[in-house]
Structure formats: C-alpha cells, structure tokens
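Alright, structures below, take your time with them.
Both complexes below contain chain A, partnered by chain B and then by chain C.
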Partner chain A sequence: MRYLPLIVKNCLRNRRRSLLTIASLAISLCLLGVMMALYYALFLGAPAKSQARRLVTRHKVSIVFQMPIYYRDQIRNVKGVEEVAIWQWYGGVYKDSRDQRNFFPRIGVEADKLFKVYGEYSIPEDQKKAFIQDPASCVVGKALADRFGFKVGDKILIKGDIFPFDLDLTIRGIYTSSETSDETLWFNFKYLENALRNSSRLAAGTFTMLANDPAEVPRIAREIDALFANAPTPTHTESEYAFGVSFLSFLGNIKVILMSICGAVTFTILLISANTMAMSVRERVREVGVLKTLGFQQTTILGMILGESAVIALIGGAIGLAIAELLCGVIRQGPAIVDQTKTLTLQPPVIALLLGIAMVIGMASAVVPAWNAARTNIIDALRFTD
Partner chain B sequence: MAIPITYNIRNLAVRKTTTVMTALGIALTVAVLLAAFSLVEGLKTAFEGSGHPLNVLVTRKGSDSELSSNFQRSVFNDMKFKQGIAKDSKGDPLASLEMVTVITLASEEFPEGTNVNVRGVTPTGIEIRDDSKIIEGRWFTPGRREVTVGSSVAKRYPAAHLGGKLKFGRGEWDVVGVFDTPQMARKSEILTDLNQAAGDFERTEVLSSALIRATDEVARQALVNDLSYDSKLNVQAKTEKEYYAMQTSSGDLVKYLGTFVAFIMAIGSCFAAMNTMYAAVARRSKEIGTLRILGFSRVAIMTSFLAESLMLATLGGILGIMLVLPLNGISTGIGSNVTFSEVAFQLRVSPEIMVRGLLFALFMGAFGGLLPAFSAARKQILVALRQI
Partner chain C sequence: MSEVVIKTRKLTKEYVRDEFHVVALRDADIEIHRGEFVALMGPSGSGKSTLLHLAAAMDRPTKGEIEVLGSKLNTLSDGDIARWRNRHVGFVFQSFNLIPVLTALENVELPLKLTHLKKAERIAHATTALKLVGLGDRLGHYPRQLSGGQEQRVAIARAIVTDPDILLCDEPTGNLDSKSASEVLSLLSTLNKEHGKTIVMVTHDPHAAHYASKVRYIDKGELLTEGTMPEDWKSMSA
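Up next is the complex of A and B:
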C-alpha cells in the first residue's frame, strides 16, 4: 500500500495512453457486462417474483396442438394450484401482416382469471369489470397501446387465419406490467366460446397456472403431466420462465452465440491490456534500473507494475460497468423479446465476475513484461535504449 | 515525395509483439461481425436456393404461413383444373394438396426440443418434389403409419433416424426412409401420407395449402393472379420462391445483435489501434525529425503513418477472416418466422462478406491512425530530433 502513490503516478505519466486504454477497456467490458447480464437473466437467473409462481401446460407433442377444455377442472384439483386460466393463441392479421410492426400476440383468455394469474398487471378496477362483462372485449398492454395509439373504447379488427372467423373487439382497458411484457392483446375467451359453439375446435391452446408457492412448481408440473400421461392428449408442463426460454431456441442458438461473444470480448480485453502494459514497461526499463540501484527489491518492482495494470483495468472495469447498466436500461425500455429483458440489470454475481475478470486480466497481461523488467540486471537496464 | 512503404513494413515487423496484439484485437472484432454475417448469409443461401421456379403455393387468404392456413379440400378440387397447371405422368394436374403441422423433437443443440415441420402429402406431392431423392430406405406407403424424413432431420434429431419411431397424432410412426434434395429448406421436413396424417389430426376436410406446378413462367404469373383474385376461392397464391425468400428475415435478430456487438468492439479496437500508433509515433520521434530534414513533407509523414495503421488493420482483417473460415459449412438451426419450425442450414463465409470484413478492418485502422498520424506530421523538426 505504501507504493500506491507511486503506482498512481505511474498511471498518470502517459495520460493519453492510460486514457485510451481505459476507454477501450471500458467499452469492451461494458459489452461483456451486457452479454453476461443477458446470459444470466436468460439461463441462470431466478424468474421475476410474479413469474416464479406460474406454470404453463401445453400439448406434449407440440404447442400447435390443442387440449380439451375440461383439463382445466382436473388441473384445478391438483394440490397447490391456486388458479388455472385457459389460453388460446388466436394469431390473425392486424391491418397488414407484411409490416412486422403490426405483429403482436393476440391471446384469448378467461377474462375473470387473467388478473388473478397475472398478479403484476395493474389496471383500473372499472376497466377490469368492463373487460370481464363484455364477451367481445379485450385489454391491451401499455407498450402496445402506445405503439398504435389505442385508447379505451376503440374498436379493433383482427382477421382470422388459424381460426375461420375475425375478431371484432372493443378495447375495454389498458394494463401496465412492471415485470413482464406489456405488448399483448388479451381478449375475452367467451368470444371464442360463442364463435365456436359445438365445434371441436373449441379447445385450450395452453393452460397457465398460478401455484401457491414457487417451491411447489416442479412438483405441480410433475403431477399435472402424470394426470394425462396415458390420455390421448398427453401434456407437458413447465414453469412459465422455462416456457419463455424455450422460444429462444427459435432465434438461433443464443447460448452459444452469447458465449462466443463473451469469449471474443474477453480475449480482446486481454490483448488491449497486454499491449498497453508491454508498451508502458518497455519505456521504463531504464527507470527500473534506477529503482534497482536505489535498492528496490525485484518483487516490489514486479508488484508495482502489476498493481499499475490492475488499477487501470479496474478503472476501465468500473466505467464499463456503469455504461453496461445504462445499456441494460435501454434494453429494459425496448421491445420485450422475452419477459426477462424487461427486468434486465447487472446482478451482483455478474458485477463481481466482471470486476474479477478485469482485475485478473489486468494483472495477467502485465506478468510477462513486468517479470522481464524486474529480472533485467541493473547494468543492462541502465544501458537500455529503445 | 512519398516515404517508401517498406519503411512501414519494417517498422511493423520490428515491433512484432505489439503489431500482432493490435492486429489480433482488430481480428476478433472482424470475426464477430463476420460470424453474424456468415449465419445470415447461410440462411439466405438456404432459403434462396429453395423452391422450384415454376411452383406456386396457395394458402387461405390472409394466411402468410402454411401453418396458420386453413385450406378446404373442396377449394382444392375447384382450383386444380385451372389453366396453366402442368400435367403429371398420368395426365392429371400436377397439383398437390398438403397438410402442415409441427411436432417437437429433441436435438443435440436443444435437448428440450424444437419444432419440426411435418407435411402430409399425396403421391402427387412426391412427384412435384421431383428433385427429392431417396438416399436411404424408401418413401412412405400411403395408408400406413410411415414417414420419410429429410436428410437434415435425420442428422439433427436422434429420434428421427432410419428405423426409428416418432410419436405424434394418435400413435407411433415408423421412419422408413431418408430423402435428400438440393433445396435446403425442404431437407428440414418430415413427409408422410396426407390422408393418414389428416385423419390423426381430425383435419380430413380442412388442410393447409396446395402446391401447384405451372407449365411455364408466363403461366405461373397468370396462375398467381388468377387464384389470388378469384373471390369464390378466397385464397392467396405466391411463387414458392417468394415464400421461402420471406423467411430469410428469420435471422434478423442475430444479424442485429452481431452488428451491434461488432460496432461496439470496433470502437474499443479503434482506441487500441490509436494507442499503438501513438506509441509508434512517440518512439520514432527522432526518425520523424530525420525524415523531415531529408526533405519529406508533413503530408508524406502523415500519409506514411496512416498507411502503417491501415496495413496493421489489413493484417487484422485477414487474421479475422482466417478466424471465421472454419465456421464455413458448420450446420446449425434457426426457427423460421414463417413456418414456426426449425430449419437447418450451414454457415457460409462467402467472398463477399470477407470483403466486407476487410473494409470494416480498414475503417478501424483509418479511425485509429488518423489522430496519431496528424500528431506525427505536426512535430517540429528540432523538438523531434531532440527527443530521446
């Protein structure tokens, strides 16, 4: 610690280089931070509090197949299930499907259960009542309403493609959600019941359950699947979190992509840092000679150079973290590809790991030049010209 | 007069550690960009190479994908005698009524399973896919619970190997053959008997789509218009080529992610290159002074340092391309935004994207080298000579 002022002085001797190195480290580390935050949120993190208690049941063979409506009552009887709501993916076309912006999920749901199962949704009480009462109504998320300028009372027409009829809906409410996507249009399931009366197509696409306790989720999933294991329509139940992540495989092998980006960025950081330290030590060989003449130990010199590198890396890391958190904020505001990005932030383990990486890389990159400098004998060092 | 380029080459060679490290940093940045591009390029090749130029795909009006299309058998019977449809070997219209659905199969990449297309076809459906050839086993027999899988399916999903059994609909289906076709997108499909599959899914009257072969290009366009504007049929027709081309946008997310990451990394690499070049300028202060005394102009000095930076970047670009070359030909899968199922394709590092990578590297070199080169040119002769 005694040498800290000297280390800081050394960092400042070539300000432009230190600044450039810090900037370049900060940028690389902020990228690494965002990628690791994403990876953590998608594959390692715990679901948001509201989501942790939800499960989704789908047809075992594929989500495109339907399940009978009466499954709901059987699922309801499984111990620990507080509420079950039928979901039906309607699909359909809003305005013109060629414009990707016109795409958003349109899902039929049992109106009275939506806000019980989705506890994180908030909506004015009168709008909620109107939605439950009107069989031809829907509620839309705040983000969706903003995108199209929807207001309560607006009419909206969705042309059917999977289903042989169109949806002619009135918007009865606008909900907001703090933790999950608010870009869904939920319409009253009664609409489907009325349109498909006596048709075999009146069925459930998926069931969404609310468990009484997050810890019970795996057991409930097993028990639901066991109920229908030998039925003609077997089921597959998983946490809503896992259900959401399973759609990710659709965007490509995100796991491998994120990992390789992290790898490439980490290696780049190592290169930048090593390069700087090599340059900075080479300039200073003579000075090392002087220090040695004054009686500084080899290990002290080694430690000082390593310390300098670590200080620069840590400053770069801290700035990088701050930028990364800002970028996470931007992602939080952006369209939710999966629910997880709505609450994206740098979790403590990610922060610790990032600073650790910065420090280790900083020191590792200085080891070779520092060792070489510390080892040179005094005469050679003093005679050294670059 | 310009400073000879060998001067720069020698300088880069003398400081080889620094040169290599800076170049590697640029190389990794280029590699990230090119990896994303190679994925999109592979996807594009896969989809653009799919579809027969004379084929027309018909779905229900308003349905852009076969999966969401409800296509009545009666509609098919009404349209198959339209003019301009080619004839099959028996003299019947070469028009195939098809049913498409999706099942979940586990692959090594995604053990939890991904969606795979299952397509029910009649013998005409196989005839219209005339470039699909059996490479193992045989075609399924109509009326039996048998499937024939595309070569990508057989490779990617362990359950779908020849002799295996798939479970969907009302029971098990035997995998009796594997077919191959030059059309990438079709390799990712499972083909089976239309009536058997439609019966299993209770869709005997409501199927998905029709694939028809036109006699020639003019007839194809006429057919597309004729079908789309026939209000009685209520269908929409597009060429099969268009249908596949639409799916290229499935790779957009990866493309945006890759470009975003590469762009940010590029800023970092620019700073690193700047650092290296500033160090080069500082160390060669005396040389710069000498060069100036010899009569080289400020512009020549500046050009020389900029050229050195560009050479460094080119080296990085080439290294980056070499880093992504092994990706060429690697198979992976991505979910199609149209068919809601996985399509296997191969990453492709084409000459075109290599050029883009090199240009990207040169940009980094130019941005990183500009300021240091400027500062080199601005040095006063005497001050420069006096520096140690």
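Up next is the complex of A and C:
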C-alpha cells in the first residue's frame, strides 16, 4: 500500500496515453462483457421460474418437420404432464418484410390452453374469453402492441408465405409477461383448423407442455420421446429453456462463435496493453536505475510496474463493464431473439471473471518490459537514452 | 587517525563495449576516512565515476577488493546490497534524476519508503531534510517548477534523508551555473563540517575541488599517488 501513491502518479504520468489505453480497454472489455453475459445467459443461466416447468416437443430431425395433432392426447397421458398446447409457427409477412422492424413471431396456439401453459401471462378475463371464443382472433404482447400502436379491436393482416392463405385477425387482447418475452402474436389455432380442414398440412409444429414439477421435466422428456421412438414421426423433447437456445443453432455453433469472439477480443486487448506498457516502461528505464540506487529491489520495482498496469487495466475494465451493463439494458429493451435476452445482465460471476481477465491482461502485458527493466544493471539503466 | 570508511585494494573494473575491451579502473588503492571530503578529479573517461559507482555498490568490480563501512561489497547478494545502499550511502547525480511526477517532498520521501517508518514520520524526516537544504518553502513543487540549483538541492536532501554515513556525488555541479554551483558546494561543505558526513565528490572543476579537504587524481584508469596530479593538469591549475 505504501507504493500505491507512486503507482497512481505513474499512471497519470502521460495522461493522454493512459486515457487512450483505458478507453481501448473499456471498449474491448465492454464487448467482451456483452458476449460473456450472452454466453452466461444462454448456456449457464437458470431458466425463469415460469419456464422451469415447461417442455417443448418437436420433430426429432428438425423443427421444420411437422408432427401429427393426435400426439397431443398421447403426450397428455404421460405422468406428470399437466397441460399440452399445440404450437404452429405461421411465419408470414406483416406490411413490408424488407423492414426488419416488422418482424415478430406469429404463432398459432390452442387458445384455451395458452394462459394455462404460460402462467406468467396476465390478461383481463374478458379479453381472454373473447380470444378463446373468436377463431379469427389473436392476442399480442404489450411490448409488441406498444411498438406498433396496436389496440384491442384492431384488425391485422398477415400475408402467408409458408401457408397458402393470409391471416385476417382481430386483436382481442393484450397480455403482459413478468418473466418472458411479450412480443409474440398468438392467434387462435382454430383459424388454421378451419383454413386447412381436410388438408394434410394441418399438423403441429411443436407441442408445449406444462409439467407438475420442474424436477419431473427430464423424466417427462424421456418418456415422451420413448413413446414415439418407433413411430414414423419420432420426437425430440427438451426443456423450453434448452429449446430456446437450440433455436440459435440455426445461426451456427453459438458457443464456438461467442468463445472465438471473446478470445479474439482478449488477445487484442493484451496486444494493446502490452504495447502501451512497453512504451511506458521504456521511457522510464533511467528512473528504474535511480530507484535501484536509492535501494529499491528488483521485486519491488517489478511489483510497482505490474501494479501500475493492473490499475490501468482495472479502471478500463470497470468502465467497460459499466458500458456493457448499459448495452445489456438496451438489448433487454430490444426485440427478443430468445427469452434469455429479455433478462440479459452482467451476473456477479461474469463481473468477477471480467475483472479478473482485466487484471491478468494488465499484469501479463507488463510482465516482460517490467522484468527487463527491473533486472537492468544500475549503470546501464542510468546511461539509458530512449 | 579516524576510522577508514572506504578502502580498496587493487580494484579493477573492465568492461566490453561493442567490440572494445576497456579498462575503466586499474589496481586502484584508496583509503577514505570518516569525516573527509574527498574530491576525485580527472579528465573525462579517466575512471573517477567508475570508482564512485563501485563505492556505492552500483556496479561490481572485475578484480580487487572494496570494503565500505566494514562490509566487503564483493560478498554481498544483490538484495543485501540494495538494503545496505539504502541505509549507508546517499548518491547525488550530475543530472539530479528526480522523479518528475513526484513533488520535492515526495521525491525526498522515496528512500524512506524502504524503511519501517510510518507515513507521518517519513513526511517529518523529508521536511526536515528539505529545510536543511534551504527548500522548506518548496515542498509541494514538482521538479519542473524548480531551478537547476533547487533541483540539485532536492536531490541532496533525498541523498541525506536516511542519514547515511557516506555521501557520494557524481559531478554535482556539472549541470549548474556558477552561482547555483557555489550554493550546492557550500551545502556539501556544511554537511561535511557541521554534520560530519563523509563526502566523495567526482569533479573535473578545480573550483569545486577547492571545497574538498583532499583531492585525488585519476588518469587513464589509474589512481595517482596522493599529492600528485597529471602533468597536463599542472599547467591548467597554475
């Protein structure tokens, strides 16, 4: 601690350079922070309380393949399944598909089961009843309604692309969700039943189940898949949380992509920091000679230079993390790709890890120039000219 | 006769610079007693600074022995030498070598950070040292805010703040105008006469050497016998 004032003063020796280094570290660690927050949320985080009891069954080969509707009744009979609802991804085009802002999920669902399976949804009772009773109706999430200015009673037209017909819907309700995304348009599955009556295309895209107990989820998943293991249409069942993450696999191996970006960012920060520290130490070799003349030992000098680098890295890291948390807030407000992004934040383990990374980068970048300076002979150090 | 504080026997320092083999100091024998103010004189490259560096244990001899305050410097480890230097030797450089980001007070406090003194005690000692060199009103000034003479006085305060037995000065007036040089030399003389510090000062300025109680000449790496000076210097001093 007695060398801390000297370390701080040395950090401020060349303010412009220190500020630029801190800024570059902050930006890099901000990027790293968002990536790691995303990684944590997707692969290490726990599902929301309401999600913990939900499972999703899809075709074993791919989500693009459909399953027979009668599977619903067999799934309902599996012990521990409290409710089952058919899901059908409609796709379609709202207004102009070239404008990304017009994209939001449009999913057909059994209206009477939606609010049982999604217990976290809140909607006025009269709106819920109207949705269930009207086969050409839909409900929209509050965030979605706010985005487009939808009101109850509004008409909405979705042009079909996957399906050979358009959806002409009436908004019967606006729901809010305390834990998961509220940017989905749910329309009454009866619309599809009516439009595809007697057609082989009338099928289930997925089944969403509510289990009695979160602990039962793995067993239920195994039992459902065993049920259809030898059927022409085998299934793959997993928790809704895992299903959401697997959705991202369409983009590629997200784990590898995130880790690669994190690795590249970390390596870049290391190079930036090492370059700065090398310059900083190089212009102070004479001072190292003076300190040694005064009686400072190699280890003390080494510690002071490493400390200086660590202080700069930690300041940059802390600022970067603050900006990363702000960015997480922006992502939380944006459209939900998966539910996990709605609760995206820098968790304490991620903060600790990132500050540790900043510290290690600071030390690692300075260790070579610091070691070289500390072991330079006094006479050589005093004669050193940059 | 008072105690011998610096004693060398056949002290030799050789080094290789690029492809050249240089003998900076050859078989130097010298004894310096406690309380003496010795000026080491000689032309540039004669080896006087080398002798000073060896006496401060800033460098190790190639051959020969050097004993300072009873410690055989050849036998000490690097860590022991650093501690010994902090406790027993104050060093004043020609170019002051103050740390630019530290104030005068912080510069002088620096060697005390290696002691067990608490912050308040360190500040008190550093303030006393700065007052002793006449800079009690410049405690918070940075080196860039001081004149050359003032900077050198801060450097002297830094050298004496640990109350070392020996003060080694490498051309302390080399970068100063004549007025500042006289002030610095008077200060060194006071430290020698009133505070009993043993001072070894390297200089090639005959005026500076007049402040010393003894002058020894070095020429081409060889320490001349006491009382003699190089032939070509005789005409200069005459």
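Things to note:
Following the convention adopted for this analysis, the second predicted complex is superposed on the first by the 342 of 386 C-alpha atoms of A that agree within 3 Å, B and C clash if a C-alpha of one lies under 4 Å from a C-alpha of the other, contacts with A are read in each partner's own complex, and residues count from 1 in each chain.
Everything that follows uses one rule, which is that a contact is a pair of C-beta atoms (placed from the backbone, for glycine too) under 8 Å apart; a residue touches a chain by one contact, two chains touch by 3 or more.
No experiment lies behind these values; they were computed from the predicted model shown.
Applying the stated contact rule after C-alpha superposition, one finds that A:Tyr3 touches chain C and leaves chain B untouched. Ranked by how many residues of chain A each touches, chain B and chain C are led by B. In the overlay built on the shared chain, the residue A:Gly91 is in contact with chain B alone; chain C does not reach it. Of the two partner chains, neither chain B nor chain C is touched by A:Asp134. In the superposition on chain A, A:Val64 makes contact with chain B only, not with chain C. By the document's definition of touching, of the two partners only chain B reaches A:Arg16; chain C does not. Of the two partner chains placed around the shared chain by superposition, neither chain B nor chain C is touched by A:Asp154. Contacts of A:Glu193 after superposition: neither chain B nor chain C is touched.
Once chain A of one complex is fitted onto chain A of the other, the partner contacts of A:Gly295 are limited to chain C, with no touch recorded for chain B. The interface of chain A with chain B does not overlap its interface with chain C at any residue.
Here chain B touches chain A in the complex through residues 17-18, 21-22, 24-25, 28-29, 31-32, 35, 39, 60, 62-64, 67-70, 101-104, 109-110, 112-115, 167-170, 201-202, 249, 251, 253-254, 257, 261, 264-265, 267-272, 274-276, 278-279, 283, 332-335, 340, 342, 388, going by the rule given at the top. Taken in their complex, chain A has these residues touching chain B: 16-17, 20-21, 23-25, 27-28, 30-31, 35, 60-65, 91, 93, 97-98, 100, 159-162, 164, 200, 232, 242, 246, 249-253, 256-257, 260-261, 264-265, 267-268, 271-272, 274-276, 278-279, 337, 385-386. Contact residues on chain C toward chain A in their complex (touch as defined above): 53, 56, 58-59, 78-79, 82-83, 85-87, 91, 93, 97, 99-102, 106, 110-111, 113-114, 119, 158. Of all residues in chain A, only 2-3, 5-6, 9-10, 12-13, 286-287, 289-298, 300, 377-379, 382 touch chain C in the complex they form.
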